[in-house]
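Letters A, B, C and D name the chains as they come in the text, with residue numbers starting at 1 for each one.
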Amino acid sequence: MTGFEKLNEEKVFKDPVHRYIHVRDRLIWELIGTPEFQRLRRIRQLGTTFLTFHGAEHSRFGHSLGVYEIARRVIDIFKSRGDWDDSETMLSLCAALLHDVGHGPFSHSFEKVFGTNHEQFTQKIILGDTEIHRVLAQVSPDFPKKVADVIGKTYENRLVVSLISSQIDADRMDYLLRDAYFTGVSYGHFDMERIWRVMRPVGDQIVFKSSGMHAVEDYIMSRYQMYWQVYFHPVTRSAEVILTQILHRAKRLYNEGFSFKNVPLQMVSLFEGKMSLKDYLRLDESVIMYYFQVWQDEEDEILRDLCSRFMNRRLFKYMQLSKDQLYADEELSGAFREAGIDPEYYLEVDSSSDCPYDFYRPGEEEERRPIQLKMPDGSLHELSRESDVVGAITGKRRTDHKLYFPKDMVLSLPDDLPAKKRIIELLHI
Amino acid sequence: MTGFEKLNEEKVFKDPVHRYIHVRDRLIWELIGTPEFQRLRRIRQLGTTFLTFHGAEHSRFGHSLGVYEIARRVIDIFKSRGDWDDSETMLSLCAALLHDVGHGPFSHSFEKVFGTNHEQFTQKIILGDTEIHRVLAQVSPDFPKKVADVIGKTYENRLVVSLISSQIDADRMDYLLRDAYFTGVSYGHFDMERIWRVMRPVGDQIVFKSSGMHAVEDYIMSRYQMYWQVYFHPVTRSAEVILTQILHRAKRLYNEGFSFKNVPLQMVSLFEGKMSLKDYLRLDESVIMYYFQVWQDEEDEILRDLCSRFMNRRLFKYMQLSKDQLYADEELSGAFREAGIDPEYYLEVDSSSDCPYDFYRPGEEEERRPIQLKMPDGSLHELSRESDVVGAITGKRRTDHKLYFPKDMVLSLPDDLPAKKRIIELLHI
Amino acid sequence: MTGFEKLNEEKVFKDPVHRYIHVRDRLIWELIGTPEFQRLRRIRQLGTTFLTFHGAEHSRFGHSLGVYEIARRVIDIFKSRGDWDDSETMLSLCAALLHDVGHGPFSHSFEKVFGTNHEQFTQKIILGDTEIHRVLAQVSPDFPKKVADVIGKTYENRLVVSLISSQIDADRMDYLLRDAYFTGVSYGHFDMERIWRVMRPVGDQIVFKSSGMHAVEDYIMSRYQMYWQVYFHPVTRSAEVILTQILHRAKRLYNEGFSFKNVPLQMVSLFEGKMSLKDYLRLDESVIMYYFQVWQDEEDEILRDLCSRFMNRRLFKYMQLSKDQLYADEELSGAFREAGIDPEYYLEVDSSSDCPYDFYRPGEEEERRPIQLKMPDGSLHELSRESDVVGAITGKRRTDHKLYFPKDMVLSLPDDLPAKKRIIELLHI
Amino acid sequence: MTGFEKLNEEKVFKDPVHRYIHVRDRLIWELIGTPEFQRLRRIRQLGTTFLTFHGAEHSRFGHSLGVYEIARRVIDIFKSRGDWDDSETMLSLCAALLHDVGHGPFSHSFEKVFGTNHEQFTQKIILGDTEIHRVLAQVSPDFPKKVADVIGKTYENRLVVSLISSQIDADRMDYLLRDAYFTGVSYGHFDMERIWRVMRPVGDQIVFKSSGMHAVEDYIMSRYQMYWQVYFHPVTRSAEVILTQILHRAKRLYNEGFSFKNVPLQMVSLFEGKMSLKDYLRLDESVIMYYFQVWQDEEDEILRDLCSRFMNRRLFKYMQLSKDQLYADEELSGAFREAGIDPEYYLEVDSSSDCPYDFYRPGEEEERRPIQLKMPDGSLHELSRESDVVGAITGKRRTDHKLYFPKDMVLSLPDDLPAKKRIIELLHI
């Protein structure tokens, strides 16, 4: 077995979150150098969030390095206590580094409109005809498959899986700290080193010494705050709505045979629902932003307007919806149509929901394993039973619905248009 | 005179460097909302530096807000001491906000290859047919011209000019702190609030109370460290060299009638040396990155290779040059040619030089006004006379020359090629 | 009315929490210079906490300046919005600065043992024959009384009272941030500037714009974490238990006519229950520590041992008690007595309890006014109704009981002593 | 050989500077628990500096832990590179932890007045009849001597000595960062981790890879700024002057047979010049502050006044002296005497001088070894030859002289006293 050589000299990346990211293994160094990994520099970590928090311009590249670094340090602590099977180390580090490698530009909207799936692409990138595959296969022919299994959560050693994907994993620890750092918000901080120190591999899971419960509580609360203050920020959602409508419009225009001045060659296979791995790897945010830029000159008025809104940040406004009013009602849509504004593109309900912490419920679509505390007597207690604060939010799915619309467009309608008044009333403008 | 209304409610931007950026004036709010200003979101503050420091993905948008915020706070301090003519406030804030609005993508390389000039474009954006002009002209017909004059350093009130452009100005204070924050380096910090508190408008310049000399010293040293540790980092320079060569190659190919698969429509007027303001405003880093992406499929081998290097971060290595060896010598170029590697694109000398602090010397191309300390007796003393540390580096232009080349390409030459051995010797590989 | 002059030049204190503390008023400057205020430098902010978190050596001096600075900045924001009656400004600043001036050394333990009350001493210092009184009385004869009333929460303008003492006041904001800074814990941070920006004086109370609810939530959670992670830390409590026992022992010895080698002259009036203001102002932590130091040489074995424990940090260990076992039981006390360890000094139950957020309930001993959110329609909603997280912890008094004992003393008992085995079993050593 | 057991479970101290301080060795844990080490909690790291920077109330306890932690981490890095003789590890850690253990209260002034020497006491504490000695002697009978030798710089392995005492050692790295943290100043920060990574043991010294030169430069500049901004701050010097005068006065009074109301029992042996180790260990800042407190009631007017000044921070003002005027001249002293102010206690010249970086000059009283850079070719170059900035300040001893005096006392002299006018003129009041 090869691929486990150390570098002659440790390499470091200066990182604002972890100070330095340390690379000692040739394999890791080579993975970072592949085109598929370098491509993550061209995909923002937080999609459209930079339109709300201007600091959030950081890419998935730094995050991926950060997840690797956390995994590396946690494994070091486990090893120093004799708690870790060292033959799983390289596998864990590769999985940590590559866990997001299948993300495309603005993944959320793309997946919604085109039915792509970044997790499938992660698998394809690791197993397919790529540089990453070739680097991984140096270790052994089945090593790429193992890495893919860890990321896909099907690897038999659940401990390794837990390190990368669980309620408190290297992924979440990095993104909370990193996104807080770049947005500049005060939330998102927690005592990561303390959490590392109380992590204990027990059987096939990682549990937490009960003396560290407050640090874990603090992490859960940080996550909760980040969700509502940053990730679900309504201005970001508004940009996301517009982005999604652009993609819908372009897809429909293409399928209806519209004659683009600027044909989006890189998106044709998307529009046709048969995107290859090679095409996918060519997509990045520069490409998307390029088309949004040039589509401001297309004949189609809707496409033109939506692209100009996105590029110049003229976003939709929103109205809060109550729980029994989850759809724009027919009266409003009718009034929009009457006013010559297509409700299909200019009226959109967006819902955010978060379940900040939940224990395992077999059979649910997304199974989450509970956070277990290890008590002084060795027994395991589930976190929400021990923590009032976490107990209070456990299993509570909080959902929020908003109706997005172009307020400026409504206000610029002629005053003598009857529909204008109706719209203004219905939207409480 | 209109344009001076306050907003009903103050707007804020969350900013990692200044915590919050406060906007109280409708005029400022409208300027930020123009397409020309929003475009700064698509132009990185530090060009290719993100390939060295992965955190440096921040754009000129945040920096421009930051310069505005510093100017706003300094003026507030001056006002609270009765040291400021309030009729210049709005002008100063607009100039602070817009001082970089003419920057294009990777300005340095573009200006080198195409002879464009971001300062000229700043003037054109403020004075030409733009949204920014229309917003500014609300104040008065001559207000845009005043803003342009402040930025161009020709405005009669030198105090206003000093606030935006001098040895210690709002621009430099923001970028040192901001670039340090995003790269994550320890340099670049200094006690900005202390500097603000010791700033004193005296006649047509801003001087510094001598009790704050150490804070000013610390600022000068931060700048020095940032130059050598971040701005002139050799890996960044390598990326810059490749970028420049891509532009050179594309321009030549275009002018020689090369048939591009992907014609860079947005760059044609650049290639032809007749770029209009409208074209310029369409150029951003997404557009450039888009072409570099698609040019990886062009027929021309040099263009293809250089673009692939830039996209996938396969950079050139470098050899340090001594002072009397500022050009790649003929022998080396010859060997390159013999080996089939075009030295015009694959051998490049790059020089960095910094003059960290210098006082005014009339007649020099870029005149810098000295930093004056105000002594307890009211007299003004030039900083480098009072400070040993600053004195030590005053007027010392430190220059560094490196020869960049594609080490991987050289090493993959056939071993029996005589030129290979010569190249390896000459470059000390 | 005098006393409102501005200083010729603003004075600043460098402060790690607020960067700078700004003093512009001569009155404030003179108050800081009084012996009664300077004395706060000799009283630690967190009592015995420095024995757990070695960074927590900061004094009440810095905290008092911090509370003043927060009040100053909040009032500035209110004033800039036209929300504040400027004639109350100086009164508010003085009350903020002086709110803790009556604290003595290790207040909690002293009050428990000697029945003193730091709030009464604050009143006496402001109203009595002190420098502080003389400085305040420059404004007007009734000004000291007003300051005392604000601190005593009896001042008629409830808004001024709220600024200094309420669920979110200048006092709590400063101590959470300051104690977090000096201990070095990750908890205790929240977005204070955002909270300031959403504070709104409404009638006689300060409410919070609902858009800032998450910042307020975050503050409540920080407080909760600081209580359990820092303020109620069991090691700190152990030191507090020993300190209390020393005071008990010394008082009893004095009252029993014990002949001290080192008579604690400054404590005699305490022991006799007739402490004067003048005596009180002479007490500080140096004096107490001095006696603890020299009492290590007294004849009385218990006093000697307890003082040596405190000075050399040989603390008691603890056993968690269940809710129905709040007292050391008779069997254990008997065994201690049998072993020659006086349970009166060496067995102590300590209880911590926190009610992290609670709304007003008339008639309760310590009335707390609820935190009100101001909704977009102007109505006021109580925080715990709007916030799941706060709702979850509202009104829940969490209590924790521990039994402290000298484990080392028990373990060094002769093994053939029957009581030793019983003690070890009962205490689960 | 015993004493090298690991603790069952690692212990940690929360530390604001290094996040956590990790203790894995029973020996280290026991040293920290000794009375001699705990005593460092009662001795401030920066003496009277807390009267200038109120945050600087931190003790030598935290600093000593910090130096230990830095040594531990640096050794870990050396070990991971195979650069370190592990048999020296425990010795190095003990020396790091104990290097300051001989410090007494306000060492600088005490040494000046009483001729004590904290370095001698460090030796005595390690070698004498102390708990520390007993803990160290568990390892081997000659282990305490080795620890003392490392601290005394006479240990044969110069590498171990360099780690604790050199131009860039664990001691200085910790105090710069720690003092900057607690005072809150912006200076004092540098990239410690980068310095660690470029440290290379070469022969008997620690050198620095030249690629890290800028980090080393930054450290030197931080030191320079901390000296002038914090350590030599004139307000701190003023407090130091008063402290020294109190000690002088008390010593003289004692020797002249003055009848103290409060005899300073703990200082008698000091006054008599025959202080024992046992007495020394009883001295701490509480004891000193206690006496200063009670001496405010002594009969002697000078002692009373000076103590009251120190306790209540009524400090002396100063006048800058030129280089050829290093002593208060006779005329001024005469005028003071005429005015009834004793110049021996109320007129004092204080000089600060710093030599921020200097290379080795054999024969000088305090030999400093130069900082060597290791160039890519393996050769060693002395730092000031490579760095312009360091070159500029090398060997430049900057000295500053100030004359301190009680301005308030002078101003309150009767106006018709002829000496008053002369004093005011001579002191430029």
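We adopt the following convention: a contact is a pair of C-beta atoms (placed from the backbone, for glycine too) under 8 Å apart; a residue touches a chain by one contact, two chains touch by 3 or more.
No experiment lies behind these values; they were computed from the predicted model shown.
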item: Set of chains whose contacts include both subunit D and subunit C; value: A, B
item: Contact-richer chain pair [A-B vs B-D]; value: A-B
item: Per Cα centroids, the chain farthest from subunit B; value: C
item: For subunit B paired with subunit D, centre-to-centre distance based on mean C-alpha positions, whole Å; value: 44
item: Rounded Å distance, subunit B centre to subunit C centre (Cα mean); value: 51
item: Mean-CA-position distance for subunit B and subunit A (Å); value: 32
item: For subunit A, residues that touch 2 or more chains besides their own; value: 19, 185, 194
item: List of subunit A residues in touch with subunit D within their complex; value: 10, 12, 19-20, 193-194, 197
item: Subunit A residues within the subunit C interface of the complex; value: 185-187, 189-191, 194, 214-215, 217-218, 221, 224-225, 228-229, 388-389, 391-393, 396, 398
item: Touching residues (chain side subunit B, partner subunit A) in the complex; value: 13-17, 19, 33-35, 38, 41-42, 50-51, 53-55, 57-59, 61-62, 65, 181-185, 282, 284-287, 289-290, 293, 311-314
